[in-house]
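Common to both upcoming complexes is chain A, partnered first by chain B, then by chain C.
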Partner chain A sequence: MTLDALVRQTPMWLDGSGAYADVIVSSRVRLARNLRHIPFSSQNKTADEERVVDEVLSAAQHVRDLNQSTYFDMKQLEEHDRQLLVERHLISPALALRGGNGGVMVDQDERLSVMVNEEDHLRLQALTAGFEPQAAWQMLDKVDTELCGRLDIAYDADLGYLTACPTNVGTGLRASILIHLPGLVLVQTVDQVLNGIAQVGLTVRGFYGEGTEVVGSLFQISNQITLGKSEPEILETLERVVRQIIDFEYSARQTLLRDARAQIEDKIWRSLGILANARVLSGQEFMNLASAVRLGVSTGVLKDPSLVLLNELLVRVQPSHIQRMAGSRLDSDQRDQNRAEYVRERFASASTTSRQTRG
Partner chain B sequence: MTLDALVRQTPMWLDGSGAYADVIVSSRVRLARNLRHIPFSSQNKTADEERVVDEVLSAAQHVRDLNQSTYFDMKQLEEHDRQLLVERHLISPALALRGGNGGVMVDQDERLSVMVNEEDHLRLQALTAGFEPQAAWQMLDKVDTELCGRLDIAYDADLGYLTACPTNVGTGLRASILIHLPGLVLVQTVDQVLNGIAQVGLTVRGFYGEGTEVVGSLFQISNQITLGKSEPEILETLERVVRQIIDFEYSARQTLLRDARAQIEDKIWRSLGILANARVLSGQEFMNLASAVRLGVSTGVLKDPSLVLLNELLVRVQPSHIQRMAGSRLDSDQRDQNRAEYVRERFASASTTSRQTRG
Partner chain C sequence: MSKRVCERCNTGAAILRLISVKENTEKVEYLCANCARAEGVEIVVGGKEAAQVSGSGETEEVEKGSREDSVMCPSCRLTFARFKERYRLGCAECFDAFRPLLIPLLKKVHGAERHRGKRFARLADEDITSGTPRGTWMLELLKRRLQAAVEREEFEEAARLRDRIEAISKESNVERTAE
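What follows is the complex of A and B.
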């Protein structure tokens, strides 16, 4: 698969399906693994890195879910294209930034990816639409068994999987849920609700990952603890807490539509009106307007656009995607104009389709 | 004509025709006249007021342009309905507020009106679309000749027409132009341009008249001096200065579209998007959004809506119109919702019509 083909397709994890799709965009699990006989990445050299790539790619040939995948070699990608893979949640910002011999295997529909020579030798990831961490886990567990069964993985009987950073030792598992909480943001209880979850070993970040501001009322909730609990236990805790947050969110949405229906509908419709008409649109403004539109679709205030279109745009309006679609170098002003044009076209064709469907 | 019929029709002066319709909404002239044998309104009594009404209405029977007109008696109108006539520019706020025996004659298409027992016994007014003060003057001069020819009008060979307030003595003529200056507002030279005009005996007010804030970049420019100049001289000065302001405005629009096209188009399209989608809309916000849309239509950035729709809405989204169309008492929140709904419906049917026309 080429990068151009990748840009044009909609990742399966953004198809708007899965449980609680009106609140949960996607579920992700990842595993950190390292090869026992090669120094962990903090100390390793070029030759070590090359060995990791060779061993992992060779082993992957024999794994059914990976042998059709594409390997993107960081060395051969421009900065913008590495960034594009970050925007698609296929690699971490760390892998995009670090030099050396790293890369990522990506399967056809972007559900599975394996980063090579990031912080750990291997970072295996599975992404699914909606609130489906168990499904993602089963998919990933299978790949882990098949791939790592062919590799000599650093594992300690007491500690579990060994990793470059001690925070990942144990299961090496991080599960995270991308959740949309406009109701809690609007009733201003989101901080209160989310502050509590650190106590049960979970952590919250913004859409763009660690250390980024929250935009568009999108949050990533993930486990902090990887040690001393089994994989099912980690997932079970995450699921239980996220279910509570979903309930809080539903309740906030009900309150808003009961007590301030006109104002909420106004916010939703104006946001749609601006997205469908703007000629200049920053990424951050897009996120905030799209959040209101998503709330509208989720609560039935709006019939169009579909969740899948909103999900797709989440990824496609980011700078490197805009850049890649233009096929030429753009400054920030020009990107804001291209972004506005792209969003407008997608909204226009979505509403045409829906009109035709209804007619 | 009933008030309900009045509310439903579009006044002829808002039909978007006339010279420089892309800058000038309408031209208005009015004449102040008083009956010689009846004390001027500042001192008069109920009996005097009744005599004025009787004499004026009797005389109007014999004036071709007025004998089909409707007389609205202030005593018989609710406050909201008096306000509605103010919103249509048919009476002054002063007439709506003062008690006593006043009223207004209004012809079928709202081009001519005659206030009775406002500050002066008679205030004759003619309104036309676009930059047509001469056309308005000719229409009014004819009515003045016919109507006042049948009345004993207070006139002094030296001073001219005598009026309740000395500022109107002389011709009793006030001509005013409703002008849209979004270009000058955006390039921030509007104060500079308008400050100069007091020196040539003109004055500037906002859309809602004396002492009101400027909203929607709409200004009313009128003569201050009524004495020592003939009617044609007064009109000529006003026309000359307004023509210069029109040139400044065209030039500002060109500059904006040359130097900041994307930002201006963005502002225009967003405004359209919000007007077509909002669920809550204050009068002031409407004025500002509609101003951007009007700029869009005037500069060819937008094909829809028509100027006549924008003009109509200027009048119809005002509180007493919203109230009257609802047929029941509304609080301010409910009015903002009704206003949004009305604007949305009008924009939707306008764009449907235009699609059909194009298809």
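What follows is the complex of A and C.
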């Protein structure tokens, strides 16, 4: 699979399916693993990195779920294309920056990826649509058994899987849920709801990951603790808390539509109007408008666009995607124009299709 | 008077009180001889191990300065001081070298010090290479490295890479005809 093919396809984790798709965009699970006999990234040399790549790729050739996948070598990619993989949640910003002998294996429908030579030698990841962390874990558990079982993994009977950062030691597992909370943001209780999360060992971040601000009412909720609990226990805690947040979000949406229906509907329709007609659209503006439209779709105020289209745009309108589709270097003004044009086209064709199917 | 138990291993009898000062906060722990030694503390109590010493009144007080900072991993040569700066371990062996220093840190971060999740299991040797190897990345990668080696005029490396490429091509051809 080439990068061009990748850009054109909609990854499976954005297909709008799965449990609670009206609130949860996707679930992601990742595992950190290292080889025992090779220094971790902070202490290693080029030769060490090459050995890691050799060993991991050789082993992966025997793993059914991985051996049809594509390997993207960071050295072979331009900065923009590395960034494109970040936008698709296939690699971390750290790997994109690091370059070197890093790389990533990506399966055909982008559900599985294996980063090589990130902070840890291996970072395995599974992505699913909707609220399905258990399904993601089962998929990843199997790949981990198959791939890491062929490698000499750094594992300690007491401490579990050994990782470069102490915060990942033990299971090496980080599960995160991408959740859309426009109701809680609008009724201004989101901070209150999310504040207690640290006490149960979870954290909240923005859509773009660590240290980024929240845009478009999208939050990532993930576990912080990796040691002393089994993988299913970690996932259960996360699921329990997220289910509560989902309930809070549902009741916020109900309250809004009961007490301020006209204002909410107005906000939703205006947002749709701007997205469908704008000539210049910044990334930030897109995120906020798309959030209102998503609220409209998931509450039944709007019949279209579909959640799939909104999900797809979430990835496609980011800078490196816009750039790649244009096929040339763009400054940010030009990108804002291309973004507006792309969104307009997609909205126009979506509404034509739905008018036609409705007869 | 009941004997005080070591706060690290929960088994040995605590023989000393260890006071460590870090970032202006003082931490006090009661440790057994083994755990204290692991902390880099030398124990000399009248020439014999002070196993009979118990209770806080009789414990030795040891001021632990920056001794922990100079602990070094024998494998990757990372010092504990450097670890504290970057908060990243250097290799698997660092966990053995720094274990007594890491445990309290892990306890603070995770509220636990023991893994209870999936256990690593290496596949049986015959399973490791079972099935038809697929994927062309290895070949592509080695070819790129070969080209780079030739450009750098590293002919020994180039020859080694050529052998590997040949071996892999042969292996996958054999598998393909066998299918």
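Some observations on this one:
Just so we're on the same page, the second predicted complex is superposed on the first by the 358 of 359 C-alpha atoms of A that agree within 3 Å, B and C clash if a C-alpha of one lies under 4 Å from a C-alpha of the other, contacts with A are read in each partner's own complex, and residues count from 1 in each chain.
Throughout what follows, a contact is a pair of C-beta atoms (placed from the backbone, for glycine too) under 8 Å apart; a residue touches a chain by one contact, two chains touch by 3 or more.
Since we're looking at a predicted model, the values are computed, not measured.
When the shared chain is aligned, no partner comes close enough to touch A:250: not chain B, not chain C. In the superposition on chain A, A:263 contacts chain B only, with no contact to chain C. After overlaying the two complexes on the shared chain, residue contacts for A:273 are found with chain B alone; chain C is out of touch.
Note on chain A: of its two partners chain C and chain B, the one contacting more of its residues is C.
Comparing the two complexes, no residue of chain A contacts chain B in one case and chain C in the other. Within the complex, the chain A residues that touch chain C are 34, 36-40, 42-43, 50, 53-54, 57-62, 64, 66-71, 73, 76, 105, 119, 141, 144-146, 148-150, 152-167, 169-171, 173, 201, 225-231, 233-234. Put simply, chain C touches chain A in their complex at residues 75-78, 86-92, 95, 102, 105-106, 109-123, 127-131, 133-135, 137-138, 140-141, 144-145. By the touch rule above, chain B contacts chain A in their complex via residues 262-263, 265-266, 269-270, 272-280, 333, 337, 340.
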